[in-house]
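Chain nomenclature is as follows: A, B, C, D and E, assigned in order of appearance, with residue numbering initiated at 1 for each chain independently.
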Amino acid sequence: MNIPFPDLRPVTPEIIMTLSATALLILELIFKNKGVLAFIGILAAAAVMYIMPASMGETFGGMFISDSYSIFFKFIFIINLILTILISLRYIQRQKAEYGEYYSLLLFATAGMMLMASAKDLIILYLGLELMALSTYILAGIKRHDVKSNEAAIKYFLLGGFSSALLLYGISLLYGMTTTTDIYKIAEHLKATGVTTTLLLSMILIAVAFLFKIAAAPFHMWAPDVYEGAPTSITAFMSVGPKAAGFAVIGRVFYTAFQNIQTDWTTILIGIAILTMAVGNILAIVQTNIKRMLAYSSIAHAGYILLGIIAGTTEGLNAMMTYLFIYAFMNIGAFAIVIILDRGEELSDYEGLAKNRPLVAALMLVFMFSLTGIPPTAGFIAKFNLFTAVIKAGYTWLVIIAVMFSAISAYYYLRVVMNMYMKEMKQEAAIHLSPSLSLAILITVLMVLIIGIMPSMVIG
Amino acid sequence: MVPLNWYIGLSAVIFVIGMVGFIVRKNILIMLMSIELMLNSVNISLVAFSHYLQDLRGQVFVFFIITVAAAEAAIGLAILVALFKNKAAVHTDEIMEMKG
Amino acid sequence: MLSKLFFGYFAVIMVALSLLVITRRNPVHSVLWMLVLFFHIAGLYLFLNAEFLAAVQVILYAGAILVLFLFVIMMLNIKVEITAERFIGEWPIGVALGLSILMLIYFTTSKLIQGPAGQFSIEAIKAETHTKALGKVLYTEYLFPFEIASLILLIAIVGAIVLAKKRG
Amino acid sequence: MQIGYPILSTVIFLPIIGALLIFLLKRASEALIKWTALFVSLVTFILSIPLFSSFDKTTAKMQFAETYEWVPSWGIKYALGIDGISVLFVLLSTLLTVLCVTISWKTIKEKTKEFYAALLLIEGSMIGVFCSLDLFLFYIFWEAMLIPMFLLIGVWGGPNRVYAAIKFFLYTLVGSVLMLVGIIVLYINTGKSFDILQMMSTNYPYNLQLILFWAFFAAFAVKVPMWPVHTWLPDAHTEAPTAGSVILAGILIKMGAYGFLRFSMPLFPEAAKAMAPAMMILSVIAIIYGGVICLGQTDLKRLIAYSSVSHMGFVTLGIFALNIQGIQGGILQMINHGIVTGALFLCVGIIYDRTHTRQIADYGGTATVMPVYAAFFMVFTLASIGLPVTNGFIGEFLIILGGFTASKTLGVLSATGVIIGAAYMLWLYQRVFFMETNPKIQGHPDMDIREILTLVPLIVLVLWIGIYPNTFLSFMDASVQNLINRVNTAGAFQIHMVGR
Amino acid sequence: MDKYLLIPLLPLIAFTINIVFGKGIIKEKAHWVSILAVLGSFVISASTFTEVLNGKIINYDVYNWIVSGNFRVTIGFLIDQLTAIMLIVVTSVSLLVHIYSVGYMHGDKGYYRFFAYLSLFTFSMLMLVMGNNLLQLYFGWEAVGLCSYFLIGFWYEKKSAADAGKKAFIVNRFGDFGFGLGVIMIFLMLGTVHYSDIFSKVGTLTGQTINILGYNVDLITLIALLLFCGAVGKSAQIPLHVWLPDAMEGPTPVSALIHAATMVTAGVFMVARFNPLFSLSEVAMNVVALTGAITSLFAATIALVQNDIKRIVAYSTVSQLGYMFLACGVGAYGAGIFHLYTHAYFKALLFLGAGSVMHAMAGELDVQKMGGLKKHMPITYITFLIASLSIAGIPGLAGFFSKDEILWLAYNHGMVGKIVWAMGTVVAALTAFYSFRIIFLAFHGKFRGTHEQEHHLHESPKVMTIPLIILAIGAISAGWFGIPAALGGSNAIAHFFEPVLGHPHVTAGHEEEFMVMGISIAAAIGGIFISWIFYSLKPEMPKNLAKKFKRIYITLWNKYYVDELYDFIIVRPMKWLANSILVAVTDGKIIEGIVNGVPQAIRNFSERLRKLQTGQLQHYGLGMALGLFVILALVLIAAGR
């Protein structure tokens, strides 16, 4: 039996990513200055980004596909990676967690996400997911001297393992029904056999696992604890990357493999989306820790983004992707501000910030309003685009619920602004500014404003 | 010949036992083992399917699952050790600092 | 008939072992029961003509993973464990929920429609031996996931080092 | 007449650029910041004058129009233009901003830079709201204005400012997001276009109109504010700094009523017609309710704030009377209310700077201590109660006439608002200015020349509109007639743009 | 610039100059500006009057005031016989009051302000009478009300003054409410608010009805009554009379000018102006007549027992205004205006005389504390006496002719006319009584005040007494233009008014006219006689009577408790509504309850929901399992499989 050597072009980005990650492991021994490693990491990411558009195609016997859908997601992952590295540089030093493996693991995790986005076979999907998940478990616990970090890692790990067990059970049933793990072939087969209860069970099991990754209620409960405990840079990374990856696979698997039970999963997702928006927004209101608040906010945003999937149209998917793209900037931007402050994890740390650090406060203000979805910020464009697609798909009532929740969300985002601008300062807020962090903030704030004012940049 | 359903039933029972173990036990190690139980139940069903469908894919998948399970166990135990160094705790009661 | 009896034995024992695993107070006992369980699973694999997997199960699971567990358990203080509460307060809910889910799974999977039969009939595998057939597929068709799996193992190593190694 | 510059873009973006400029200035150079703000607002005002002088009153078309592609793939255009309904609001905005700058000259001592920047940002976005001919652009301005306004109330406001600011923000946001849904639905039904003019010439099915009417109503009613969604207003007005109150009362709450005129009626004419009685009933409730509740107020600003509820009730009553007197009266009354209530808040600000109390009980006999101030306040009080020769009379009379034409009962009820209005305003005036001089206000200086100059333009307007309202009414004739035709005959609405 | 425009404009200019420069530059010279302006207006008015006398009617528009759709209103002037006489009354009384004020207001710190307000008032009153449309009338109507508000509350430091000003304004608003609706109704029905158009079209409305709360109401009656509402407020008729007595808180010249001679008569003027409309409605006419008669009687009875000299005169004014409405109500518009015209002089004189007394008494108003002023201030006494005789209706004086004309025409006006005639005659007696009560109490007898006051007593300066004398001449002679034919006169004034106001139908002959005249003369003399007995001959008698009819006395003393009634049914319920219901309940509890309650509920819910996030891993797992179970169960149920 002679198998031809597989076409490597479509996987080049992943290859570069993994090679760089591996190389970083070795280079770590050589370079004492970890900034160099970060720089290499960014270079690698940039290289991947440069190569990506050329990597269209299928390979490995159709297990891997590089199409515009996956490429867009990979862009998000790379942006997420670059921004995370930029905000990490000085921060992990401060947190005494500056290991060379840190960057390597970030790259591995990103590679995992990229595999998820490109997976055409459930096996690849599972392995990519585990690659991403295992790396992030470690990253969450990388402040190993910190109990909170340990706690976060343990919780994330155990629940992650639990959810992937559910995923596997679902996949195994799906396999039993179709004798294949190829997503497209599954779709073909299922079209022929029709809907069975087993199929519904397997779909639900798989959905639960993915919903866990995007932190949708009621599978969200890990998120606040993990976001709070993990190093802030990793929280930023997790709140965008795995979420986007989760949406990428939901989009692909549900739209192809489970096409014939679309009504069923749409119904499920509608319920989940409403619950997620409710839980995220309502619970965020009473938080006193900003990371925790942003965790609930990211849960809420997952709820909105789910609407894009529910729409069931190409426009819906596009809107979902645009939303994630914009969300990456505004969310990481917000976390970058949390990082820039010496003490920035509690909401009370922000009291009187506008007086002390007017620029930092102004930037935070922009991110908060963007997350709320107030024009002229990118957050508005994201929401607008999404809601338009969903309404066009006929779910106006769902959008009304969503906008009401987003009005509620203004309350907790405003609390940050209120603390910064309208409360008396308790103590001078020290900031840790580094060129890389400034660059990250600059990029994010510019993107938030530019997309807000000239949306044609992203939706052309 | 044993019907396929029997295997699936067995797999389901073990899966659920693992799940219940995960939910009710406070010991992190046992929880980890419960996850392994669940994975094994999946393996059983995959091998059974593989056998009955006359297709090797299931077994290949099992192979990967075992690999990942190993990696997972390693990482999980490493995290546990890191936690244990800071705080002699293997119970979930003791890692409830973050909540609400 | 014999095969059914055989399966019956395995099934009963495996379920019992699983229950033991999750209910023992002492984690060492759990690990040991699990070891027995894994041997039984390996036996079941043999029964399903998956010799290679049976071997892997014994070597990897029983030999490596469980030993790892034991190592870690040895590091920890077992005495605390003996006195501590085993189950969470809401365990009846958990059990009830488990039973309900089991019922639903049974209800849904009982009407499973099998997929189409593949090319690897028992005879075909026997002709080639199981290990060889699996190896061929693994290194050709499943080369890509195989590589990814290797990365996962790499990460496991890195993770273990990062998290557990003593450093300055 | 030709004007050598894109006038609408200029008056929108000049203040915004000015705000950015102020951001770049050094915090310490307060004088420079103030002068920059004054200069920018004055130049904006001067540049907006051609809107008044070159406006073609004979046509209902959109004038001074500008159109550029903005987001072509979504069909979004950067389209500006004004007609007889909007032109006066632009002028009012540019004027009031200048006055807000001068009145804040000495009062704002903290975060001066941010204050003036916020003020100018508000100005730019307010004008944007009145000029937008693209629904998307409109919504951007509509919402964008919330941010600086929120800060204005919350940072420089009174003791309870945070509560007021958040209440204001959330209240308006809840309304606006529903409008957003409406806008999207409209967008989809128009065939991927946000072009207001195109929408105005489209006839939507009645059921859709009805739903959209209520969606837009949610946003506009909160802004106006109509009863019973008015309770943000007393808090926001009371706690905001003087300039904030002036902007809020003077222009911001007009945007709701403007929205009814610009969107609800021409876009959903049949629904507007069907819903008009309900709107009128709400308006009359607001008139009487707002008036009576003023009798129970002990806080100067709060009283004026509630009087706004009553006055805006007149505005919406006139608008939904759907006849020419009602609508013209409504628009004129919006201008009037902007001038008069703005002026009253300026006046309250002037005395608050001296006494630092807003409690009516802390005043008394002010006329003895500050006679000039008392005289100015009297003029605005009279305008507020709608005495002839002041602008208030013209507006209220036309509205009652229009309202009476539409519904006798409601017309009669609304007229009782005039009695109540006289009662609470004169009672207020008496308690503050007459009787024995309260020791707390003894010895305060009368208005200085800066303060007098701030108020004089408003007095001039009060009398001008009162004596010769035709200057202003004639601006609206064509546009209002066109609007009425649209509502009454759904479909005859034709509107185009005329280049500058 | 034409001269008619100058009539109102001159006072306006004076006002502007005084209010802007008064404080700084003009100060004590403020009266020059105002007096010159009013003098100018008076001169032009006089020349205009002669033009009108020669048959010229002036009617033209100055500019378009409000144009909105078909609603078109101008600022314009209509000067006909009615307006011309009003012009004379307004400018002449105003001029005299201006001059008088120079003395009266001397040294007041608001001197310039006072003259500014007087000028503004003159302007407004002139606009009111000169307007050629309803809206301009309304404008003047409100503007005079405003000036009245300013001037009543001129001494604003006094709470009672500030209260009185506010009360006057608000009570008037109630009347204006109806008036405004009347204006709107006229516009809706006739499409115009210009007098000439209204009068030419008003006939088309006869017989039309309008449905109000299920009743069909005659349209003309409705409009007339709505307009009459305004008159009731402005001219202080029942039930809106309560503001006028309180208005005496203002400086006395103001009372003379505004609350006796000019502004309060605006209502009469308006009803007379709209005689073509009123005459079309029997019901409206009767309402006007009865309102006038009842008010007249009502106010006169109150005046009997009051002690405040200005209040007595004020109630007398209310009473006399009632007389004028009585006249209008029986169709005797000319007589009404005639009475308005004579009343302007003698009532202004009474007020100014009272002011002179106050001047001497250092602000004392209680007639019980006066007495014997005759010898200290002879000119005041004589002029006051003339005015009192005139108002009492002693033949030969102005009041006699106009009052007699009214009573005679009322007598001729059927059943209603007879009733109001009887009431009018009673009022005539009462008027004579209380007028002379002042004379006897204040000017005769012994001085009953303090020593300081007695020491201070003096005649007023010339600048005050000369206007008194001039007015006294008016009070004597103003009626001579209207000597009825029965007494050999030509009744020139009635003929003068005929083109505008028409002339009522007289059925009875001269004999009856003499009888009516005789009865009223007897009533007047009887009133004076009883007054003499009570207050000069047997001073203890009134007190005994008061004790005997205590309940009646107290009721009258308390003005029939009308103020209290209003306080009880309007003022207090409104405040209660505002404070206890709207502020406390609807806004405070219900709306704010929802507005703040929803977020609070969300927060509470959030706090509770937060408890679910225990931090215990098992619970998270449990949550996931539960989620899985619920979804699975629901889907299976929904799928029905």
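One rule holds in what follows: contacts are C-beta pairs under 8 Å (C-beta built on N, C-alpha and C of every residue); 3 or more make two chains touch, one makes a residue touch a chain.
Being a predicted model, the structure only gives us computed values, none of them experimental.
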| remark: Touching both chain A and chain E we find B, C, D
| remark: Looking at Cα centroids only, farthest away from chain E lies chain C
| query | Using the mean of all protein Cα atoms as the middle point, what chain has its own Cα mean nearest that point? | reply | D
| request: State the pair of chains with the top count of C-beta pairs in contact. | output: B-C
| query | What is the distance, in whole Å, between the centres of chain A and chain B, each centre taken as the mean of its C-alpha atoms? | reply | 26
| Centre-to-centre distance between chain E and chain D (centres being mean Cα positions), rounded to whole Å | 37
| note | In whole angstrom, the CA-centroid distance of chain B from chain E equals 96
| Distance between the centres, which are taken as Cα means, of chain D and chain A, whole angstrom | 43
| request: Name the residues of chain C that each touch 2 or more other chains. | output: 88, 90, 94, 97-98, 101, 104-105, 107-109, 112, 114-118, 142, 145, 149, 152, 155-156, 159, 162-163
| When you check chain D against every other chain, which residues touch at least two of them? | 170
| query | Mind pulling the chain A residues that touch 2 or more other chains? | reply | 123, 127, 130, 134, 137-138, 141, 144, 153-155, 158, 162, 173, 175-176, 179-180, 197, 200-201, 224-225, 286, 411
| Pairs of chains in contact (touch as defined earlier), listed by label | A-B, A-C, A-D, A-E, B-C, B-E, C-E, D-E
| field | Touch list for chain E against partner chain A, complex | value | 599, 602-603, 605-607, 609-610, 613, 615, 617, 619-621, 623-624, 626-628, 631-632, 634-636, 638-639, 641
| Residues of chain B touching chain A in the complex | 4, 8, 11, 15, 18-19, 22, 28, 31-32, 35, 38-39, 41-42, 45-46, 49, 53, 55, 57-58, 60-61, 64-65, 68, 71-72, 75-76, 78-80, 82-83, 85-87, 95, 97-100
| said: Which residues of chain A touch chain B once you look at their complex with the stated criterion? | reply: 123, 126-127, 130, 134, 137-138, 141, 144-148, 150-155, 157-158, 161-162, 165, 168-169, 171-173, 175-176, 179-181, 224-225, 228-229, 286-287, 292
| Sites on chain C touched by chain A in the complex | 104-105, 107-109, 111-118, 136, 140-145, 148-149, 151-152, 154-156, 158-159, 161-163, 167
| query | What residues on chain D touch chain A, complex-wise? | reply | 70-74, 76, 111, 114, 139-140, 143-144, 146-147, 150-151, 154-155, 161-162, 165-166, 169-170, 173-174, 177-178, 180-181, 184-185, 187-188
